[in-house]
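One structure is given here, and the rest of the page talks about it.
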Amino acid sequence: MNYFVIGYYALLIGASCLAAYYSVRSAFLLLFSLTLVSFIVGIVGGESALWTITICAGILALCIGTAYAFREFLVIVLWGEGSKAIKTAPLTATFGLFVIMTYAIAGIFAPIIAPYGEAEVIAGAFAPADENMLLGADQLGRDLFSRLVFGARNTVGIALLATTFAFVLGALAGLIAATLGGFFDNLMSRVVDVIMSVPSLIFALLLLSIMGTNAFVLIFIIAIIYAPRVFRLTRAVAGNVVVMDYIEAARLRGEGLWYLIRREILPNSTAPLIAEFGLEFCFVFLLVAGLSFLGLGIQPPTADWGSMVRENATLISFGEITPLFPAGAIALLTVAVNFVVDWMLFRSSGLKG
Amino acid sequence: MSDVLSIVLKRLGLGLITLLVISILIFFAVELLPGDIAQAVLGQGATEENLKALREQLGLNQPAIFRYLEWLGGAVQGDFGVSLISGRSVAETIGPRFAATLFLASYAAVIAVPIAILLGIIVALLRDSIFDRVANVLTLTSISSPEFFLGYVLILYLAVKNPWFPALANVNFQDIGTVELYYRTFLPALTMVLVVVAHMMRMTRASIINLLASPYIEMARLKGTPAWKVIVKHALPNAWAPIINVVALNLAYLITGVVLVEVVFVYPGIGQLLVDSVTKRDFPVVQACCLIFAATFILLNLAADVGAILTNPRLRHPK
Amino acid sequence: MADTKKDLLLKIRDLRIEGYSDEKWLEIVHGIDLTLHKGEVMGLIGESGAGKSTIGLAAMGFARDGCRISGGSIEFDGMELTTTSESDRRALRGSRIAYVAQSAAASFNPAHKIIDQHTEAPIHYRIRKRLEAQEDAMELYERLRLPNPQEIGFRYPHQVSGGQLQRAMTAMAMACRPDLIIFDEPTTALDVTTQIEVLAAIRDIVEQFNTAAIYITHDLAVVAQMADTIKVLLKGNEVEEADTETMLSNPKEDYTKSLWAVRSFKREQKERPGGGAVPVVSVQNVDASYGDTPVLHDVSFDIYAGMTVAVVGESGSGKSTTARCITGLLPPSSGKIVMNGVEMPPGYKQRSKEQLRQAQMIYQMADTALNPKVRICDIIGRPAQFYMGLKGGALKSRVDELLDLIELEPSKYYSRYPTELSGGQKQRIGIARALAAEPNFIICDEVTSALDQLVAEGILKLLDRLQKELNLAYMFITHDLATVRSIADEVVVMKQGEVVDSGPKNEMFTPPHHPYTDLLLSSVPEMDPNWLTTVLEERGVDNIGEAATV
Amino acid sequence: SKAALAAPKRGGTFRLGTHDGNTSDTHDPGTYLSFSIIQLAHTYRSYLTQITPTNELGPDAAASWSATDDATEWTFKLQKGASFHSGKPFTADDAIASLNHHRGEKSTSAAKALLKDVTDIVKDDEHTITVKLATGNADLPWLMTDYHLAMCPANSDGTIDWQSGDGTGPYKIVHNEFGVGTKLERHDGWHGEGAYFDAVEMTVLNDPNARQTALVTGEVDGITQLELKTLSLLQRNPNILVDNVPSGAAITMPMFCDVAPFDNVDVRMALKLAIDREDIIKKITFDTAIPGNDFHISPNMPYWPDLPQRTYDPDKAKFHLKKAGQENLTVDLSTADSVYSGAVDMCVLYAEHAKAAGININVNREPNDGYYSEVWLKKPFCMVQWGARPTPDVMLSLAYKDDAAWNESHWQNERFNELLLQAKAELDQEKRAEMYREMAQLARDDGGTIIPMFTNFVYARAKNVAHGENLAASWQMDGARACSRWWFDS
């Protein structure tokens, strides 16, 4: 027993008592079960396990704090609808927003934020972190942190464009198909079957040999690969909506296709689409990396997270954490985006509490 | 019901046409790709002379259309030809590989689909709770890195550091017991499970939540239905369409998209075969693989569409 | 009505409920007290949007999504519902307190057969086994006069008519023989003949099982038959409460008196324009079917400009189906629809925008006909924008005007979503949407069925005024003969997909007429609390059965 | 090491994990291409000659050989006791048919070019053949080590039966699935020495991580081609021994000498000077390569001339650029990941080095698929990997001769070509060495190819696997002959 362990339990038990006294049920349950778990973990894993718990809890607390502060900040900074909406947003959503904003800033101001250039070689391969390099160096001796920052710009930029493009294409076609039904639906569905069936390897190679390799081709390829999935999902969701009476009412009015889609069907199909967007957005990171494995994709020495993971993936087998930084960057963004997505999902579902 | 049957039949017919279109597409795609089989077979060692000889031997000097029609003629009769490189029959080459892929895909699917949907239901039920957050963060993290990376991590922790499972899944189907088979292929299956669970889970969650504001959900609660039953019996049946679609998509992915998992675990599946034959431009094999994949997609998409109709009475019995 | 503690079932004190809309909380029920004993039936009446449904739900300890119980106490059989755990409250619902939802169409789960939804609660509470429960359901369907009681339960909700759904909903509430049933407008969509039987069935069951009930309705005559006591509500406040006799004979408050006095609106019957006038709509020998099920057979009638044709008939007789044929939603299998002398294409898709504008339909089930994700202003504004090309300020003022017409304050309702409205309010939105198109022919499918007398009268007056000004033609599908009497010029009586009788209103209301019309007329409820009993006695039980199955 | 000195023991099943295995591999020696099949070929088939662990020429299916003075006729005496796995004895007919498989109009073999000077092969007796050449070639016995020229059973019509997978190698195939793996057991009638293992199991493990893990977890006893990034980490494992063998395999960067700006020798020189070979070897190969000197003879090849090593000198590069009037030179360099692990990184690194010399190199990552058909010999400046060739003549005739189809840099140097022809037929070692020295000098200073390094073969084995003192530098795994040369130590 040392001071840390004593302090640790004292704090937990004290907090549990406080929670119990003020009858905050969930907080009490959480704290007290944590205490119980700590007993077991402490006995099995010793002091280091307790430290791990403490650090995790600390990080969690930090995240919650950030999210809370950021929410207050947004409420003050924003106006009108936005401010009102943010006020009721869950902390996870504001945490997600915070992360996304951080990434956006990192991406936009990458050259200012990054201490070194994207391709600048400054140290030996895999040099450990020191006072110059926050996260150490990559395989060529480039500053990993700078590459991550630049990667934000390229990766997120491309992913955002490609996903948006895929969604515009896929969702539009899906909505039209579901609304019109009949021949168009059949035709589009078959076209989509065809596109989906062509293995993306052949597809990418083909497009590439026709159009050459650059970022726009890349975005185009990704959009074409993903649009069919979006199409099918949209069509399925919208298929359930078009049979409703209110759609019938709108059709009876003689409404055009565009209005039906935009104002009547889309608002009732957003939730699954938003959820899908949140995921596809992240899949694109990996697809970009996958394509660069085929020699397509982003040109070197441009930094991109997926490729950064891929290039150094084998290191993980020896417990080296270099590939974990870009992987972590992707994971954090994935989680953040999906937290925000969850919030939007909730709002669009029409639920209120 | 007969409606559905006729839809299925019609779609199967259309599926055949789609397959034909795909086969044409693939043929010309392979034609269009830079380089050809002769070059690929002989590699760097090729000279104009022996390229010519090889092309002649393989019949590549005939016009493309002719070769395609010849192949098609055979395919229609169920003969997919022989591999241009190994000379073995395509069916023989692909058969065991595809069976292996199907096995692994079903192994993963049987675990992943129920887990994903169950998890989706649970997190929809406990939405915004800690469980919801944790489940989401974990599954999302697992899809945030390339699947082979995930494989490496699993190998590191479940095969190297704790030697619980073999790192290689290079099983030989002939001489291996069932239990042994499942044991040896557990890690690749687990990797694939982790890769697909998040997508299906989140779609389940989303489409259920999307319905929770409906009056019939309110009514179900007013009937005293317990919360989990409200979700399972009242929300889920109306939420199937998008879920089925995403499940179909992921099943297709399990069959057609996991080359890297096969490579990492050295599993003798069809993915590696396709990649090899594309790089070698071995047209009959590429074509056969692609058609198998296409049929997979067509069937799964059909299943998803039929599922969507079957789960929605309004579509099943339209006004 | 012994006021003993033992019999006390429900005691609500100072109930306050808030609703969340436009990012803030508004109080919608301002301190209501309510006491109910075992076997007692209380009628809740009041204008549309008064908070009747909200209170009804609160009696189950339930607040709609977006609403919350912000004060007061609700005590059910000694249990305080506002503080007990959710699971305890849930255990009451369905088994001891049941609810008949106002919008049956939306409240049935579209994915399950009706009977499966019926048997869910009894099976869940282990009151009955599945087969028993199904049998019981069929029995209840029979008592509630549903056609084919053995079979209808195995249909999906979208396959039965509005009134049939409502009765299925009532049957469902009775499945567990609860102590308290909250009927939220259970007969609004029923024709009078069916209504009688359903009312009788409800009364029977309530008496048989000593069930207490809160009967929410806008129809005074109905409530007079059913309730022991009546409570009148206005804008979330109680106006007065008394036992039925007293309330009917001697209402104290002015508001109540005004409710009692409404059935005064009456309009002169107009004659068909003579000579070569062309009917606005002419339905000629229309047959129609849903899939293989024939529904309409040889339906013909004409509607002339400036006239109102009321279509009456029992629930499920094909009234709504006729409307769907006219609008082109359901292309008739034979026969034709002629408008202003021009034969209409059978499907709406082939019709021009102008043709579509000319004929507007107000849906019977307001709930499902309003897009839940579109704000009121857009729902109403859209036709004005679409057909008239109104924009910006002009559009807004038109929407405000329309909201005023249907007596909804624009400032309050302008940007709400349909889920934030009461049943009657939704129906009025449907009316406004049709009016916004400025058509010359409107199909009103049960437009006033969910409205209280005052508002309904307002709407009828409005329709009448518009008819005079714009020479509109109406096809008025309704079950309410009082309404028919007040506004119709001609009447079409339908039964089992056929027109059994038709003619000018006055002729129809003066004997002799077709026996079915006769039955209809004699089924209109009267304000006398003993009316139902008397009618039933007069007809004899057998007679009712016959009437419904002929 | 001690293990190397211990006497070989027999027994055990050697499980080898190989990289680069392909489902489309076949038994046809004319189309051998992937490393897995090459490794297999040296295990189930044999060649007339072989490269020994000390990188000399040794006998295999041929016991001895001799040439006429002008080196235009070579006579090979075959091993007398050699037999095929089927039991059929190995004869001159088999040898002739096996070689003829790569010759003639109809041959589709990739080794056709190698034997194009051969005019005839005659059978002297049952165990002697004579190969006749159009021009003298002192290196012919070396050529016979080429992995395509495997001995297969002859059919009666003079073709070979490659389909059956029969061979005269140390192990016979029990079960084989291309792209997956092969099981072999010892061939008791083998003519050679070694084959200590009772059986061999080769598994195709294309993923570097899978190979390493398999070795670490003991699922295989040896693996080819280590991932260099994790080499130092793997070396920490006490149960694993890493073999790091310098070889003749090279990375080259050919520039078209007839295309601006590479048509200027100063530009070429500047580009050669602008690359920091040390840095690249350290960062890209993790010290598993030896610096190249811009001529294509490695220290592991015969006739290596010890010329002064070219070093990174941006200032001098600048000077050459100025001389060429090409300050602020910008060039495109094409590369692909498949060329060499870290190829793209290497070019990026080179681009960084070149910046110091004022040269701007745009690295173009090309698709892996079709790289050698679309980029190599087509783009003016790209990156290529060359496998080891047994002798300088083979290498130089292949890619530096003015009329060679693969003259990848379009380099035309009269003196060089003259010397090349002379050296080829020269049987006097001293004179020959002198000629190669001069050729190397020419290529180094005038040639259009940058050769930054010769890459080592890096492979690993479990601690209990032992091998002789030296390892052949011709292929990975002791010249791809590990299965017949290595043994289990305990």
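A, B, C and D are the chain letters, set down in written order, and residue numbers restart from 1 in every chain.
The criterion applied here is as follows: a contact is a pair of C-beta atoms (placed from the backbone, for glycine too) under 8 Å apart; a residue touches a chain by one contact, two chains touch by 3 or more.
None of these values were measured; they are calculated from a predicted model.
A.B. asks: By raw count of C-beta pairs in contact, what's the busiest chain pair here?
C.D. replies: Result: the chain pair A-B has the most contacts.
A.B. asks: Provide the C-alpha centroid distance between chain A and chain D, rounded to the nearest whole angstrom.
C.D. replies: About 46 Å, centre to centre.
A.B. asks: I'd like the Å distance between the centres of chain B and chain D, where a centre is the mean of that chain's Cα atoms.
C.D. replies: 39
A.B. asks: Which integer distance in Å separates the CA centroid of chain C from that of chain D?
C.D. replies: 89
A.B. asks: I'd like to verify one number: the distance from the centre of chain B to the centre of chain C, where each centre is the average of its C-alpha atoms, in whole angstrom.
C.D. replies: Roughly 51 Å separates the two chain centres.
A.B. asks: Where in chain A do residues touch at least two different other chains?
C.D. replies: Correct list: 205, 209, 313-314, 317, 348, 350-351.
A.B. asks: Multi-chain contacts in chain D: which residues touch at least two other chains?
C.D. replies: 209, 213, 369-370
A.B. asks: I need the residues of chain C touching at least two other chains; which ones are they?
C.D. replies: Where chain C meets two or more other chains at a single residue, that happens at 65, 329, 372, 419.
A.B. asks: When you check every pair of chains, which ones turn out to touch?
C.D. replies: A-B, A-C, A-D, B-C, B-D
A.B. asks: Residues of chain C touching chain A in their complex?
C.D. replies: Interface residues on chain C, with respect to chain A: 20, 23, 65-66, 68, 327-329, 348-349, 351-353, 356-357, 361, 363, 365, 368-374, 378, 382-383, 386, 417, 419, 433, 437.
A.B. asks: Okay, in this complex, where on chain D does chain B touch?
C.D. replies: Where chain D meets chain B, its residues are 22-26, 31, 33, 105-113, 148, 163, 177-181, 203-207, 209-210, 213-214, 216-217, 219, 369-370, 372-374, 376, 405.
A.B. asks: In the complex, go through chain B and note every residue touching chain D.
C.D. replies: Interface residues on chain B, with respect to chain D: 33-36, 38-50, 53-54, 57, 83, 85-87, 93, 97, 148, 152, 155, 159-160, 163, 166-168, 170, 263-266, 268, 272-273, 276-280, 282, 285.
A.B. asks: Spell out the part of chain A that touches chain C in their complex, as residue ranges.
C.D. replies: Its residues touching chain C are 84-85, 88, 244-255, 259, 263-264, 267-268, 348, 350-353.
A.B. asks: Over in the complex, which chain D residues touch chain A? Could you list them?
C.D. replies: Answer in residue numbers: 208-209, 212-213, 227, 229-230, 233-234, 282-283, 286, 336-338, 342, 344-345, 347-349, 351-352, 363-371.
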